[in-house]
Amino acid sequence: MTDRAYALFEEQQRARGIDVELVKQRLKSFTIETPSWGYGDSGTRFKTFQKVGVPRNPFEKLEDAAEVHRLTGVCPSVAIHIPWDKVDDYEQLKRHAEQLGLRIGAVNPNLFQEDEYMLGSVCNADPAIRRKAVDHLLECVTIARQTGSRELSLWIADGTNYPGQADFRKRKGWLLESLAEVYRAMPAEMRMLIEYKFFEPAFYHTDLADWGMAFNLAQKLGPQAQVLVDTGHHPPGTNVEHLVAYLIDEQKLGGFHFNSRKYADDDLIVGAINPYELFLIFFQIISASADQNPQVRTTVEKIAYMIDQSHNIEPKIPAMIRSVLNIQTQYAKALLINLEEVRAAQDAQDVLAAEDAVRKAFEMDVGPLLTVIREEMGLPHDPMKAFAESAYASKILARGKGGASW
Amino acid sequence: MTDRAYALFEEQQRARGIDVELVKQRLKSFTIETPSWGYGDSGTRFKTFQKVGVPRNPFEKLEDAAEVHRLTGVCPSVAIHIPWDKVDDYEQLKRHAEQLGLRIGAVNPNLFQEDEYMLGSVCNADPAIRRKAVDHLLECVTIARQTGSRELSLWIADGTNYPGQADFRKRKGWLLESLAEVYRAMPAEMRMLIEYKFFEPAFYHTDLADWGMAFNLAQKLGPQAQVLVDTGHHPPGTNVEHLVAYLIDEQKLGGFHFNSRKYADDDLIVGAINPYELFLIFFQIISASADQNPQVRTTVEKIAYMIDQSHNIEPKIPAMIRSVLNIQTQYAKALLINLEEVRAAQDAQDVLAAEDAVRKAFEMDVGPLLTVIREEMGLPHDPMKAFAESAYASKILARGKGGASW
Amino acid sequence: MTDRAYALFEEQQRARGIDVELVKQRLKSFTIETPSWGYGDSGTRFKTFQKVGVPRNPFEKLEDAAEVHRLTGVCPSVAIHIPWDKVDDYEQLKRHAEQLGLRIGAVNPNLFQEDEYMLGSVCNADPAIRRKAVDHLLECVTIARQTGSRELSLWIADGTNYPGQADFRKRKGWLLESLAEVYRAMPAEMRMLIEYKFFEPAFYHTDLADWGMAFNLAQKLGPQAQVLVDTGHHPPGTNVEHLVAYLIDEQKLGGFHFNSRKYADDDLIVGAINPYELFLIFFQIISASADQNPQVRTTVEKIAYMIDQSHNIEPKIPAMIRSVLNIQTQYAKALLINLEEVRAAQDAQDVLAAEDAVRKAFEMDVGPLLTVIREEMGLPHDPMKAFAESAYASKILARGKGGASW
Amino acid sequence: MTDRAYALFEEQQRARGIDVELVKQRLKSFTIETPSWGYGDSGTRFKTFQKVGVPRNPFEKLEDAAEVHRLTGVCPSVAIHIPWDKVDDYEQLKRHAEQLGLRIGAVNPNLFQEDEYMLGSVCNADPAIRRKAVDHLLECVTIARQTGSRELSLWIADGTNYPGQADFRKRKGWLLESLAEVYRAMPAEMRMLIEYKFFEPAFYHTDLADWGMAFNLAQKLGPQAQVLVDTGHHPPGTNVEHLVAYLIDEQKLGGFHFNSRKYADDDLIVGAINPYELFLIFFQIISASADQNPQVRTTVEKIAYMIDQSHNIEPKIPAMIRSVLNIQTQYAKALLINLEEVRAAQDAQDVLAAEDAVRKAFEMDVGPLLTVIREEMGLPHDPMKAFAESAYASKILARGKGGASW
């Protein structure tokens, strides 16, 4: 049935003018970075539920990530978080990754868990605390060099809880000053990806509250600084795909932290709450990948697709596999959009035809396509099932409860 | 200057037709319940910062609450949370409270911190877990009897994170069934206050998501069940004062959990983000307190005014005093609304005059009034300053860090 | 290719345990009501753009609706709006509908366009205005009798723009009093469907602001009163499918006003912004249609599926056809959910399996299924294309601009 | 009583270290621009209620504005809107304004009411429509020269309603290209104030959706382009005062469109829904007005404070006076913040002290201060009452209904 389904799929797509071989090629080369912390326990402020089998150290996290890569074939890199993944010897961590068929992806500093950061890190009114924060960022640049990472992924959690608590403009200055020092320390091939967030953990103001602030900061720092879009970090209603297109056009989109949200920064499995939004994000990316401007095309090529979620109630490895499959599914659907058809309808200002040209690809079933691709890549048809039945799934139970959670 | 200020205030208010003696009387008899957990450390999912001097056990929490009552004069009761305030001998806890000039207020069960509750407590598909949850609620009824409390304050954190995860309607049935058993176990003078919350810790659906669900549940349970309005538990834009008036009219408003929010359930100091909303809530309450319907008046008289906040970055006792002062300030301002004037403008459908009749009371300065009231009650003029200079403030430092946080 | 596609579809679904014949039967008998006003010009407060070819009177609106029914086969009834569809002889309107193969659906009174309603209609402080409003509602009951309609569909736009402007609780009383009179005038087979709306045209408070208020009102009125869910009338983030399940469980869901929204009450084409939400709504309905409780099943059977949109920039008839197709598509997908599989995963509390059992049906392609159904019903495969190429599409151009817009 | 009240006020403020003379001086020189369209009828998409006495042409609108200025003393300029205020002879309009003691303020082009603009104006895919739009903008530059206006105030309503409808990035390019041409046509002393809006009238994407897009555009255009903050144009929860501070710091805040909102772009009377937000905006402005950086100070000096509201149910002139008074009230309160005290608490990172230093000014009564200022300026104590009793109020009734509404 699978073969017939794929044959029919191919025939249908060709009839629509879709270059199926190109679609397959793009799907095979599309990679997603998983985060080390996504394999550990996480929770809400009310409770972190502990699971049996979660990794107890950075090395085990990499092993879990390798399992996800083994089953999905598209997750060759792993983001690390310092100090959660602090080790004595980063060369050893790098080698461990390599032996598992992985490489170290973005290095994520932590500027929110030290006691000193209660009222801010790089935006703190106390210069000694800012110094500490900058030193930590510089340490992460070093770790990135040591692990072969090429991205410093910055989430600045700084903000205030009350009107009057702090001086917005002074903090803005300190933020720029701090990151400028870090920027200067980065080697030429390293990128600084700057994240923004509407709120939380601060509840009155957040120093980097939206894409505009992250963008402006990246503009001031220079070409190696770009913006990181976390799909859950916006006010309700925000048209995220518009921001994506905007940032690509400015050559300032550096990457994504994928996850789903219905309310705030819910950090659920990507694609689980509003899959159409994810599809529309990919539509913008794919459109721009064929842009006349080579700098726009280069920007698109360098986008880092990273998952950043909190698996509060889910088993960790299956949650990660599901996330990868959801991203792949929507990316595949978006690749079936006939861009010529879209363009023609847009040029004719035919609203319903243009909308239809995009939406109908979303309604197609890419199951047969993904199955064949997995087959060709030597992967299990159903990575979720394959994991459930794997020896690895049972083996990790021996780790017991109480892993290296954050 | 204080005396002259008050004399002028009195003169001005009398000229406006305000019965200043009645206002003073109502302010003196208006009491606010503080929560035991508000004296301990709390945090976000990212970090709980530990403060020096927070209470190490339920007895010390009561001592801190007594200090707040000593300085403000309007906080004679303390809400407790089980198991955070679990003690071997609840009679002893009650006596401790009494010796401090306090009484035990609402008893708050905890249905979210046991491992079994990961996928729900009273709404869990597993009957054994529902049994455990109901047993805990029944235990809290017993504790309420033992401590002289007359309110069981229920926050059901149950919900799901993903579409399809659970059956909404079955869970609805289990919820009713569970609470009905608890309701039947309550003595006649006890009230069950049912809280609702838009989201968090569940991020797809919450079993008691809004006032309508809590209200309908309270209707089914009977007259001893009422709704508890937590001011931070609504979608953005919600007209909370409208819900308050609505519930009073249905004789189903049982009480409040006061706090401030700008984004989600931020749990900041009440009155710090949008003080006008707090004032408008009191406007509805005060209006209804003069209703022709005696049942409406009784409903208003029994409203439990409780604080429920997370003091993540603030010193705990000052944060509590500030909260009490903010509530008092807005209540005092609302008492200065000339209800006759409002009614006349409303009857004449004069939009701007009616709006003015309400808003102008908000713009008045109730400082002189509150100062005189504190004087007459034998309290310090400035409770914040009085605490800062108190022996108590220094004494508790000896407790060190790492109190009985939640 | 179509035949092979359908054959494969059938084979795949049977292998999954889906009763394809039952699915087809349900799809064929699933009907959607279109609104007369959806064929006319509408706009925002900034501008109503006028289209060539929109109907100039109620009779032409019915003709357009008949065209939509002719092409889709599932739109046999048309909602009317009084006074927009006011005619001298309602028997004639009814006959006109019948001759077109249609029947008159819900009658929608208008309580927001008369000058007197500026500050409210049935909630107005002026008894003469309330009288006028009730009389209009009674007139609509009569019109419903005359046209054979069995639903009175009520949207009460009443509310206030400023704090203090009016007395919430008095208005609540007037609302009940007014609708009770109308309820008593309804024949036994008529239903009153009560709509609610978060805000607009009132911007401070809305008298029927949420499902809870509509539900409580319907409870007080009696069994012929039910709640109408307009999918665009909720605060951001609201879990609409949860409300749907809740109201079904209470046997108080009367029907839907379908449309899409991203921000406020945007009134875009249903299924265009977040198709997964529409699918999840149908998932709840389909689940409940197999409930053990016969009253729940009856409630589901009687749900009125109505479209209510503003086609500000779209050609009207194509916009309506697209809406019908979008609803059908998501309903068809939801029918492919294997409810046994969902239930088993829910009972086992297997979060990811339960989620997968629902989501995977959404990812399927129902194109082949819908094509075959249309074929069996003697309908064009592609109703959008069929309309574009129809004589009707050209014929209506003769109407010119400036139709009977609202 | 007024004299005593003011004497006490002055004494109290001096004791707090406030320079009362400076406060008075700043209040007297603080001016607010009213919009010509705010004197006419406006409405929602559901209905525009017509009032008796609204102006029938641009000259009468200026007369109403002059009445507001006569009574409040702080509204010497009037924003005009083209084509709503189109006249044959703009010199004559200017002279009319001057004779009334007014001057023409910002010129507001209209890019949303022509039929051609249905799918966009300066972002339209059709170059002829973009040309028309740019020509209209150039016409407005000419009108601004002729009327002595120094601000071109741009609200670009362009956007789309459906995914796929148009190409975000192409439209972004056309927007820049169009405004660049207009920018080049402006005389050196003219400013372009660029507004942004979250949504409406477009409901899927808006080309200038947030401050970041307006800011980036202004950066590209040059120093004469700045951002205009409409207080109602943000997603729920947005910290507007933070954006204000941010834009001032970048020397890109050009002005405000003041109004109130609870839900979307409600356009209610400024200060009526959340007065604390308005106060906090002024706190940021006042703080920056004492900045060390002269360019920051210059930016603050040039801020244009403009009202932009829809008085759907209110009498127009009273609504405008109330708006002016509300702004004045919050500005006056913000002037009572002791910035030294704030700074000291901020430097000490004393959260509660810093919050208190700001909030307590908000709780003060500035009534006595404003009364005295009005007295000194030869104005009525109570402008609302003065208008109600004025001959002007009766005189305009002769205009009848059906004025020059938008």
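Per-chain residue numbering starts at 1, and chain names A, B, C and D are given in the order in which the chains are listed.
One rule holds for everything that comes next: a residue touches a chain if its C-beta (ideal position, glycine included) is under 8 Å from a C-beta of that chain, and two chains touch if they have at least 3 such contacts.
None of the values given here were measured: they were computed from a predicted structure.
S.K.: Overlay chain C and chain D by their C-alpha atoms and let me know the rotation angle in degrees, rounded to the nearest 5.
M.R.: Nearest-5 rotation angle for the superposition: 180 degrees.
S.K.: When B-D is set beside B-C, which has more C-beta pairs in contact?
M.R.: B-C
S.K.: When the contact pairs of A-C are compared by residue number, which of C-D, B-D or A-B has over half in common?
M.R.: It is B-D that reproduces the contact pattern of A-C.
S.K.: How many angstrom lie between the centres of chain B and chain C, each centre taken as the mean Cα position?
M.R.: Going by mean C-alpha positions, chain B sits 40 Å from chain C.
S.K.: Using the touch definition from the top, which residues of chain B touch two or more other chains?
M.R.: 119, 161-163, 198-199, 204, 236-237, 239, 262-263, 269, 272-273, 276, 313-314, 351-352, 355-356, 359
S.K.: Which of the residues in chain C come into contact with chain A in the complex?
M.R.: 1, 4-5, 8, 11-12, 15, 236-237, 239, 262-263, 272-277, 313-315, 318-319, 322, 329, 351-352, 355-356, 359, 362-367, 384
S.K.: What part of chain D is in contact with chain A in the complex they form?
M.R.: Against chain A, the touching part of chain D is residues 119, 124-126, 161-169, 172-173, 198-199, 204-206, 209-213, 215-216, 234-239, 241-242, 245-246, 248-250, 276, 280, 283-284, 287-288, 291, 342-343, 345-347, 349, 351-352, 354-359.
S.K.: In the complex, go through chain A and note every residue touching chain B.
M.R.: Residues 42-47, 49-50, 112-113, 115, 117-119, 157, 161-163, 198-201, 203-204, 236, 261-264, 266-269, 272-273, 310, 312-314.
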